[in-house]
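Worksheet for the structure shown next.
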Amino acid sequence: MSTDFAPEELLIATVADMLTGLGHVAVGAQSPIPGTAALLARARSGGGLRVSMLGSETHSPFTDGGRELFDCAAQGRIDAFFLGGGQIDGQANINLVGIGDYPETKVRFPGSFGSAYLYFLVPRVILFREEHTARVLVPKVDFVSAPGVSEENTYRKGGPHALVTGRCVFDFDDAAKRFRLQSIHPGHTVDEVREHTGFNFDMPDDVPETPAPDASTLALLRGDVAEAVTERYPAFAAKVFGTVNAA
Amino acid sequence: MMTSIEDLAARIPDGARVALAPDYSGVSMATVRALIARGAKDLHLIGVPSVGFQGDMLIGAGCVATLEAAAVTLDEYGPAPQFNAAIKAGALKMIDGTCPAIHAGLQAAEKGIPFMPVRGIVGSDLLTHRDDWTIGHDPFDEEDGPIVMVKAIRPDVTLIHAPLADCHGNVWIGVRREMMLMAHASRNTLVTAEEIYDGDLLADERLAPGTIPGLYVSGVAEAANGAWPVGLFGRYGPDDAHLRDYLQRARTVDGFASYLDEFVHAPKAAE
Amino acid sequence: MMTSIEDLAARIPDGARVALAPDYSGVSMATVRALIARGAKDLHLIGVPSVGFQGDMLIGAGCVATLEAAAVTLDEYGPAPQFNAAIKAGALKMIDGTCPAIHAGLQAAEKGIPFMPVRGIVGSDLLTHRDDWTIGHDPFDEEDGPIVMVKAIRPDVTLIHAPLADCHGNVWIGVRREMMLMAHASRNTLVTAEEIYDGDLLADERLAPGTIPGLYVSGVAEAANGAWPVGLFGRYGPDDAHLRDYLQRARTVDGFASYLDEFVHAPKAAE
Amino acid sequence: MSTDFAPEELLIATVADMLTGLGHVAVGAQSPIPGTAALLARARSGGGLRVSMLGSETHSPFTDGGRELFDCAAQGRIDAFFLGGGQIDGQANINLVGIGDYPETKVRFPGSFGSAYLYFLVPRVILFREEHTARVLVPKVDFVSAPGVSEENTYRKGGPHALVTGRCVFDFDDAAKRFRLQSIHPGHTVDEVREHTGFNFDMPDDVPETPAPDASTLALLRGDVAEAVTERYPAFAAKVFGTVNAA
């Protein structure tokens, strides 16, 4: 059964489940899997979910320039967003700047983008990084682009909800300020996750398998959703769904 | 108002603080090539909020002393090679920011106020490295926590490319209003336009709402395909093959030099 | 999204903080009449930055407890009679402001920040009467003088009239972008539109730049001539004879009552 | 000679002279004489002067809504503006709020509009009030909508340049913080000005007459300028110039 879908399809379905019941999800640039997940969640919402994709000419609802996404988040009008990280640590701090002793970084990443802001203002931030290695998931990030947790008197309306990787799903436990292993993708093991994770995390005695997408989800995903995602991510859509951009 | 691309480049002095739009907005690659051709030096680039190919090229060509941005990104093309090389060589002063703080700093300049409060950021290492950001408090709620104040960002020049401009200096940018903010916040705004509109953009009720008034604009040059090899929203996409060739060459010093020879210096010499 | 004028009026609860545009912008007189007809009470009107006829009528009809504005103006028609009568009677709490402080307060709400610095104002008696304005200082320049901080203004509802809206809640306002700011800053935005656009306003590159996205809009009703007797930018001017008749009648209690009977209650009763 | 032009034409020409050499003049609502003066100055500038008239659909260059005029002024892009006042006092304070003990005003004016801001930010603010009576020109305004002068550490890029009334022109002396009578309109006298002015002011030994508009100014005013002003102020243009709005 686990051979009936692509690994990307599992990730898409897993992320989409985290968006159920929300009103507005925004997706940053270069986020094909989160973007597709948002479109899947929208397709299942019966018109209840609005999706804003940055850099998309047909899915962007913004008319006030680059600042509008950020203002909109601060107004409380965005329920979920996705962030990644060159490094992510066990307190959900993310590093989008570089490895080494800043500013003399040995490896330079593109930069923090809006992470230092959106992480505070969007209630449900889903960390997504397909590469699950000890190089990415580190004990402590070299540079905190955006902190996972804040002191109590900090104005913070949101923060980390979960971390989805190519091997598993972690929930973030706000009280403990730690990740907790929630499920392991089919074909992967707890030992493997432990080996490739640089930070300590909590886990239940019995870790469930990440649920496989059901037939109706796959049908929706490969039909209308694949078509919708083709405008923004033609190469990705062609690879995963075999769609061709008619434009 | 109407002038040449070379004149626009000549009107960006060495050392100028230059605001640039990201690759998905309006990028005047035509003027960037002219800046490299004229040997511009010590520029302080401000990405609003990020820079792409134009930043990488200007850095590689040695035109840039300082770069202030939330990111340097070539999107799906991968890491920016000349930017990364300059960082590694310690040849570039990088001022790392975050998108909304750059917008807020420009909005402060737009409003003529010295600073603007911004949400978030508290606890980010970005803050430790910025002497133009500080922590303050809400004067109406003593109980409220810390809030970051960012200093106004007032660029000397905004350099952009737009689909349309008219002879009054009005520039149509559609929904890409980060360019409106940039023009308001900057002392001068220089523009290349795909096409010169025959008439007054402000006189058409459907064009005016997406138009930077000529009041803010000090020079316009016609430049068909002026964003090439980057794309221009609503007009054309990036030249994929050319950009991949750039990426390939820009990995080495010689390769980058050969790129400049072919696409910056040779066309200029042939004029 | 699509609803009736009466429903819009029903969705503005008694006591609501309602942002209104000035007479030269987009004024939903159709909904104002419906608000008076439903007997709205204790409204807190916010003029962005001034109010005109809609303010005078709502005040005269007893719908308003508080008015926050930089001015109440009927432009060339002279002083606002019902506003002046209410001030004289002490029946209205007036919060006097100045245009840029109202815009700044709304921009603070738009950005989710608690306050915004504003230039000027220092030494104005306006400041003495505002507990939501205070004096602060530039954290980057201790030598700099006092600067006024205004508290964010977050209206419950923005009520406007626009030339076009579509069934997705997108609303075309052209260059009258104070209405964009109002929509961003307010919890809900309710709109009457001259015409319902058949399609998606955001899908047209010439209409999108002047469009409030449906994201901010919670209700739209079609109302041809919905700004009447006030004008609508680019569409029609004020009904001069009618407004002069209003001005004449509104000088007295009985005259104002006869105006409401004729133009608010009678048409409602005739439905 | 003084019968060759209307009183409004003298005021227009007088104000226009104060705008010579400027780059950008903005004019508020309900200002037919300052607005016409700005259009006259523009006509004489050979394209050097930009005029922005609020509430005009053909002379407004703004596309960012109501806030743009104010932002633009703070950016230093507006050289001159006009303010009036229900009361104006000898320190150039203006009152646009009301007469009496605020908030219990006996007479209520419309409100302060943008005066409390523009008075600080526009280098050359010309006070214009045609009614020259002791009721308007008072020793001390009942409410300071905008102060004429500020303490030294105040951020102030502009302030009162002159006060033009139906009887005379006052200059404002920044150092003395007082008005100084600069000229008296033809047909009026110093005694008359003194009688109808509630505040003390300085004056030279010999007060000149306000210069009459010359023939070329009148020709320009009654030709192109009258036509241009007709769109915004049809009633005013018809009254002063006899023009008819073709629209």
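Quick notes on this structure:
So that you can tell them apart, the chains are marked A, B, C and D in the order they are listed, and the count of residues begins at 1 in each.
Note that a contact is a pair of C-beta atoms (placed from the backbone, for glycine too) under 8 Å apart; a residue touches a chain by one contact, two chains touch by 3 or more.
Keep in mind that this is a model prediction, so the values were computed, not measured.
Shared contact partners of subunit B and subunit D, listed by label: C. One inter-chain figure worth recording: subunit A and subunit C are separated by 40 Å, centre to centre, where each centre is the mean of the chain's CA atoms.
Put simply, the C-alpha centre of subunit C and that of subunit D have 29 angstrom between them.
Centre-to-centre separation between subunit B and subunit C, using Cα means, comes to 37 Å.
Touching of two or more other chains is recorded for residues 62-64, 70-71, 74, 121 of subunit A. Among the residues of subunit C, those in touch with two or more other chains are 104, 107, 111-113, 118-119, 144, 147, 175, 177, 180, 208-210, 234. Working note: touching chain pairs come out as A-B, A-C, B-C, B-D, C-D. By the touch criterion given at the top, residues 22, 24-25, 48-50, 69-73, 75-76, 79-80, 83-84, 87-88, 90, 94, 96-101, 103-104, 107, 118-126, 129, 144-147, 175-181, 233-234 of subunit B touch subunit A in their complex. Touching subunit C in their complex are the following residues of subunit B: 104, 107-108, 111-119, 132, 134, 136, 138-141, 144, 147, 149, 151, 173-175, 177, 205-210, 234. The touching residues of subunit A, when paired with subunit B in their complex, are 29-30, 55, 57, 62-67, 70-71, 74, 96-98, 102-105, 108, 110-121, 143-147, 150-151, 153-155, 235.
Residues 109-113, 180, 184-185, 202-203, 208-216 of subunit C touch subunit A in their complex.
Residue ranges on subunit D touching subunit B, taken from their complex, read 24, 50, 52, 58, 61-64, 70-77, 121.
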